[in-house]
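Presented below is the structure to which this report refers.
Letters A, B, C and D name the chains as they come in the text, with residue numbers starting at 1 for each one.
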Amino acid sequence: MDEVKVGIAGLGRLGKVHANNICYKIPGAKLTAACSVAEAELEYAKNELDVSDVYTDYLEMLKSADIDAVAIVTTSSEHCWQIEAALAAGKHVFCEKPLGINEEECKAAERAVEKYPDKIFFLGFMRRYDPSYAYAMQKIKEGAIGKPYLVKATGIDPESLVEGSIKFCSTSGGIYIDMASHDIDLMRWFLGDEVTEVYALGCTFKHPEFEANGDCETGCAMFRFKNGAIGQIHVGRTAAHGYHIETEVVGTEGSIRISPVPAKNLAMIYDKNGAVVECVGSFPERFADAYVLEMKEFIACIREGRKPDVTVYDGTKSTKIAYAAAQSLKEHHPVQL
Amino acid sequence: MDEVKVGIAGLGRLGKVHANNICYKIPGAKLTAACSVAEAELEYAKNELDVSDVYTDYLEMLKSADIDAVAIVTTSSEHCWQIEAALAAGKHVFCEKPLGINEEECKAAERAVEKYPDKIFFLGFMRRYDPSYAYAMQKIKEGAIGKPYLVKATGIDPESLVEGSIKFCSTSGGIYIDMASHDIDLMRWFLGDEVTEVYALGCTFKHPEFEANGDCETGCAMFRFKNGAIGQIHVGRTAAHGYHIETEVVGTEGSIRISPVPAKNLAMIYDKNGAVVECVGSFPERFADAYVLEMKEFIACIREGRKPDVTVYDGTKSTKIAYAAAQSLKEHHPVQL
Amino acid sequence: MDEVKVGIAGLGRLGKVHANNICYKIPGAKLTAACSVAEAELEYAKNELDVSDVYTDYLEMLKSADIDAVAIVTTSSEHCWQIEAALAAGKHVFCEKPLGINEEECKAAERAVEKYPDKIFFLGFMRRYDPSYAYAMQKIKEGAIGKPYLVKATGIDPESLVEGSIKFCSTSGGIYIDMASHDIDLMRWFLGDEVTEVYALGCTFKHPEFEANGDCETGCAMFRFKNGAIGQIHVGRTAAHGYHIETEVVGTEGSIRISPVPAKNLAMIYDKNGAVVECVGSFPERFADAYVLEMKEFIACIREGRKPDVTVYDGTKSTKIAYAAAQSLKEHHPVQL
Amino acid sequence: MDEVKVGIAGLGRLGKVHANNICYKIPGAKLTAACSVAEAELEYAKNELDVSDVYTDYLEMLKSADIDAVAIVTTSSEHCWQIEAALAAGKHVFCEKPLGINEEECKAAERAVEKYPDKIFFLGFMRRYDPSYAYAMQKIKEGAIGKPYLVKATGIDPESLVEGSIKFCSTSGGIYIDMASHDIDLMRWFLGDEVTEVYALGCTFKHPEFEANGDCETGCAMFRFKNGAIGQIHVGRTAAHGYHIETEVVGTEGSIRISPVPAKNLAMIYDKNGAVVECVGSFPERFADAYVLEMKEFIACIREGRKPDVTVYDGTKSTKIAYAAAQSLKEHHPVQL
């Protein structure tokens, strides 16, 4: 197949990451159109990405632009209808996580994906494509740790970006919906099983604004899986040292742990503080490769007529489980799924 | 004060560790008597420790031996009455953890300790004396991580010793009572607060014998503290790499983590497997220094008339919380304290 | 400036790396021509890189191809005359290290570069562009370790590739010329000074073929700098664990060390061997980013009319110093520069 | 055999370490006498160690004290004659390194040791008894890294103690004699071979006092062994992060590295600086266990009639090689042995 022409919807922080990747880092892909409600983002598309075919109306882009596929990087609440519209317009779809912000939306997206089986639908659970996570999964498949039965996941945003977290916390759906979907997806992926119960706690010790807005600064939850396996999640927003994503998968014959030290690079400084490793500062820095690799896989799926490993159902499940965690936190008891 | 003369009760695996420490590593202490129901252990005392004043009857030792203090390293179910008897006989008491195997016993021990305020009672929560844990506490007190609000604790026995775990699991009270008391004590110590609720899960994936005996191979629990702080515990019995004790304390300004790699020593081997660090194989190896340092502190408390930081109430609380975890696991709902 | 059109000379292992980077990873660059004496490599250019304008004659490419710049990734002995010819033909030049294989050649290349001051000449000391090395230099410039006065560099090829090393060792000029040029460049770069004396040793303990061919399996050398600073180099070819590149810069206020563990990724496996980190297997894996970043800088220099930090003189000096080390090893005494 | 009665000569910083170990940490040993020219040190012996039999005259102690053995921890220049006198008086001898301060002295000590073959002579190369170094040797003997052929050793005193280094540098014999003897011994031990040539450099970048006193702040040397193996040493005095002792042994099938991070304990702090490991501050802290273990071995050799692995000849060789390094530095050419 020839070059895949992609239109992007949304050019915020993460939208710019995807747009630049499509432009410059994905052989076989070309960014040919862009859509945004923000004028400055369209200027960015024209000036920095050399994309002149820009739109303020998403449906107009679907109708008029010369595109084979869309990359949806808009606000979470827009994802599901934009997926449906794109598939109906005959486009392949890449959609950032989360799939949707409630189960009904997600179910509608599922039906749309089922209705157009010849179109590729790709959900952006990019951590699965991060070289370290992909390596972990490969080792697990090779039997390196036996049967996995426990996933311990930590995800903490840096204190340096806490202002943004505070600003959006009242509308984000709360810490579990906002921050835990990648971890929930990884648990399901590594354990190969489904959650049946969740028990969640939360606390706020540094920035009372989180509590004042009905959210939590830190969340800790436990997940029980159908086969008896267990998940533990710790999400937070105030890491002093940077952006801390750490995951451990425990199996019957060993365990594998990813980035207990979220090192910025391979250097260690020995100075009056001791032996010091500087840490990554943000998710675009930590997962730069993962964003490229997932988009490569999306384009490869289109060109080779393959279905991606991540499905629309993974999106629904992640959303459902995050909502159950939010409910458990609010109602203070375990919630069954 | 002159040298403190100590009689030891119990010369099993851990009893031998304490006995040797008292004999050879604690200035100001002298092992002068030993008591055991096992003849071989008394032979050990005579031949290896040069202690000729040996007993098969604990009360007889209290009555006849030339001792200022006793070190109780017997079966858990004997601890509480032996504490009472020793105090009543005018002896200072060192007692291995756990304090007792149910709350009533512990309360009786509390009353005995209160009745003899001039006697030192020291409970062997030795991890507090481990140089790395003591350093962590010191840093926390100095403000290095701000206000601590989350403790994540992992304790996994080595697969190499799993036969023993299986053998005793039907009588040990279950994984939380058997294995979590140190972690529970550390959570309370680091957070400076009390548990109000516990929710516990368990699973068995490698050795079905645990399940068959009403126990679990692995346990994961969450603890809610009065001030909103949270504890997460993961205990297990099948670590392929060795004896894995790891603890992280998360605070408002940073966090501190102890032994994510339970390294045997300071060497790293680069070979065809990669860069490899061999791990410690057992608790006597990992905590050799801690056992010496706690006994030094016990002797120092006696000689200087100081009260130790660990109290009899810490023992009761640790036992109560472990029982609540066991109950939560069994009844499958959160348990209030 | 418009897109920079690049012709590549040489499409061996490293040539393919550069060609793919120019094609897919460097905004503002386009690979428009390729030259190789190997038919299979030209087929590769056509089929994999979509470059149809291919040549077997380098001068013919310079004359006929629509290119602004050439990337020279040919055999070391061809570098210098190809540089001269390209500059004379009005092309910007990227040349892989080493600059040349003897000082006379290098001097001729210097004169050519001086003769065409409006053309960009870029020498591929890519380690300077590796994120970890660049970070180290930035920290040093910021004063993090005070005045640097000692560089300790280790570079060991993997045992898995030793067949290739043995095959080429009789024609490669020996271990210092073959393997030490990056380390020599880094020493000069970090210390900001010039070598005045070198003393080199060598040994062969695993593969006698190296010695039989007049080469060494392992080389250790010390370098004295004009200002008194010191360099230590250890180069080898038989690392069991992978491709080991490690560098430490010691300064008056601290030191900085890069990749003591050449980790493949961020994962650690805990299994019966202990805590294990798998290592990178080759230079294209270790320095994938560095190859992209140096080529980006080459293209940016052309488009912005900037001169790169690495100069042709750095190439001459690196070659001279490597020859002095080879001479010291052979004649068994220190050699002055 | 009964308890070994030991008299100590010298109660400075290291003498106190040994004296305390003999008193409190070595089963089967008893400190019964002490000798020092410093009155305060004899007071220390009486008050802190409960040793009342004290001497200002070494020969007097040999003659009058009730001792089986002496531990010589005096100034280096006194070692050799004190060894001879003690052996002649029928005592077993433990002597701190270095054996002596020149080859003649060492040869005289050798003859004395040979003359009294039934007496134990133990030289304090304690690093061989450090658990990590001993583990490395054991792994090497088991074949873990094949045939060892390169040792890279680093030893840097902490900047916090630099005043003392400066004070004594004019009389210490220079950096190689003062600081390299442990590293030289380890090279010989790990490689199982003898040095034939040494080439040494030195520099001073932070504290000009070293240079002004004819010494160097930092020394780097290379050693050629009879069998072709190589040693690299880096010694210094200004480590910002603490006391840095690191050694790597490279073999045909792998390598083993000891303490690239001289961690104070098992804790890592994550704070605004990144992930930070605090480092050890001094040799008594780093090698506390090694000092105990070597003394245990000395006592065990006496009691069991065994000869220690370290011999008097190891002492002579270490001294000779250190002198050759000092000569190479001074005369600026390689020196043959």
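FYI, a contact is a pair of C-beta atoms (placed from the backbone, for glycine too) under 8 Å apart; a residue touches a chain by one contact, two chains touch by 3 or more.
Heads up on the chains, UniProt names are A, B, C, D = Inositol 2-dehydrogenase.
In this text the structure is predicted, and so the values were computed from the model without any measurement.
Novice: Can you name the chains that touch subunit A (Inositol 2-dehydrogenase) as well as subunit B (Inositol 2-dehydrogenase)?
Specialist: Output, common partners of subunit A (Inositol 2-dehydrogenase) and subunit B (Inositol 2-dehydrogenase): C, D.
Novice: Would you identify the chain whose Cα-based centre sits farthest away from the centre of subunit D (Inositol 2-dehydrogenase)?
Specialist: Most remote chain from subunit D (Inositol 2-dehydrogenase), centroid-wise, comes out as A.
Novice: Can you check how far apart subunit A (Inositol 2-dehydrogenase) and subunit D (Inositol 2-dehydrogenase) are, centre to centre, with Cα atoms defining each centre and the answer in Å?
Specialist: The computed centroid separation for subunit A (Inositol 2-dehydrogenase) versus subunit D (Inositol 2-dehydrogenase) comes out at 56 Å.
Novice: Indicate the whole-number Å distance between the mean C-alpha point of subunit C (Inositol 2-dehydrogenase) and the mean C-alpha point of subunit D (Inositol 2-dehydrogenase).
Specialist: Result: the chain centres lie 42 Å from each other.
Novice: Using mean C-alpha positions as chain centres, tell me how far subunit A (Inositol 2-dehydrogenase) is from subunit C (Inositol 2-dehydrogenase) in Å, no decimals.
Specialist: Centre-to-centre distance between subunit A (Inositol 2-dehydrogenase) and subunit C (Inositol 2-dehydrogenase): 37 Å.
Novice: Quick check on subunit C (Inositol 2-dehydrogenase): which residues sit in contact with 2+ other chains?
Specialist: 240-241, 253-255, 257, 260, 262-264, 268, 270-272, 278
Novice: Hey, which residues of subunit C (Inositol 2-dehydrogenase) end up touching subunit A (Inositol 2-dehydrogenase) in the complex?
Specialist: 23-27, 131-132, 135-136, 139, 144-145, 253-260, 262-272, 278
Novice: What residues on subunit D (Inositol 2-dehydrogenase) touch subunit A (Inositol 2-dehydrogenase), complex-wise?
Specialist: Touching subunit A (Inositol 2-dehydrogenase) from subunit D (Inositol 2-dehydrogenase) are residues 239-242, 244, 261-264, 268, 270-279.
Novice: State the interface residues of subunit C (Inositol 2-dehydrogenase) toward subunit D (Inositol 2-dehydrogenase) in the complex, per the touch definition above.
Specialist: Per the stated touch rule, the residues are 146-147, 149-150, 152, 199, 201, 203-206, 218, 220-222, 224, 228-230, 232, 234, 236, 238, 240-241, 250, 252-255, 257, 260, 333-334.
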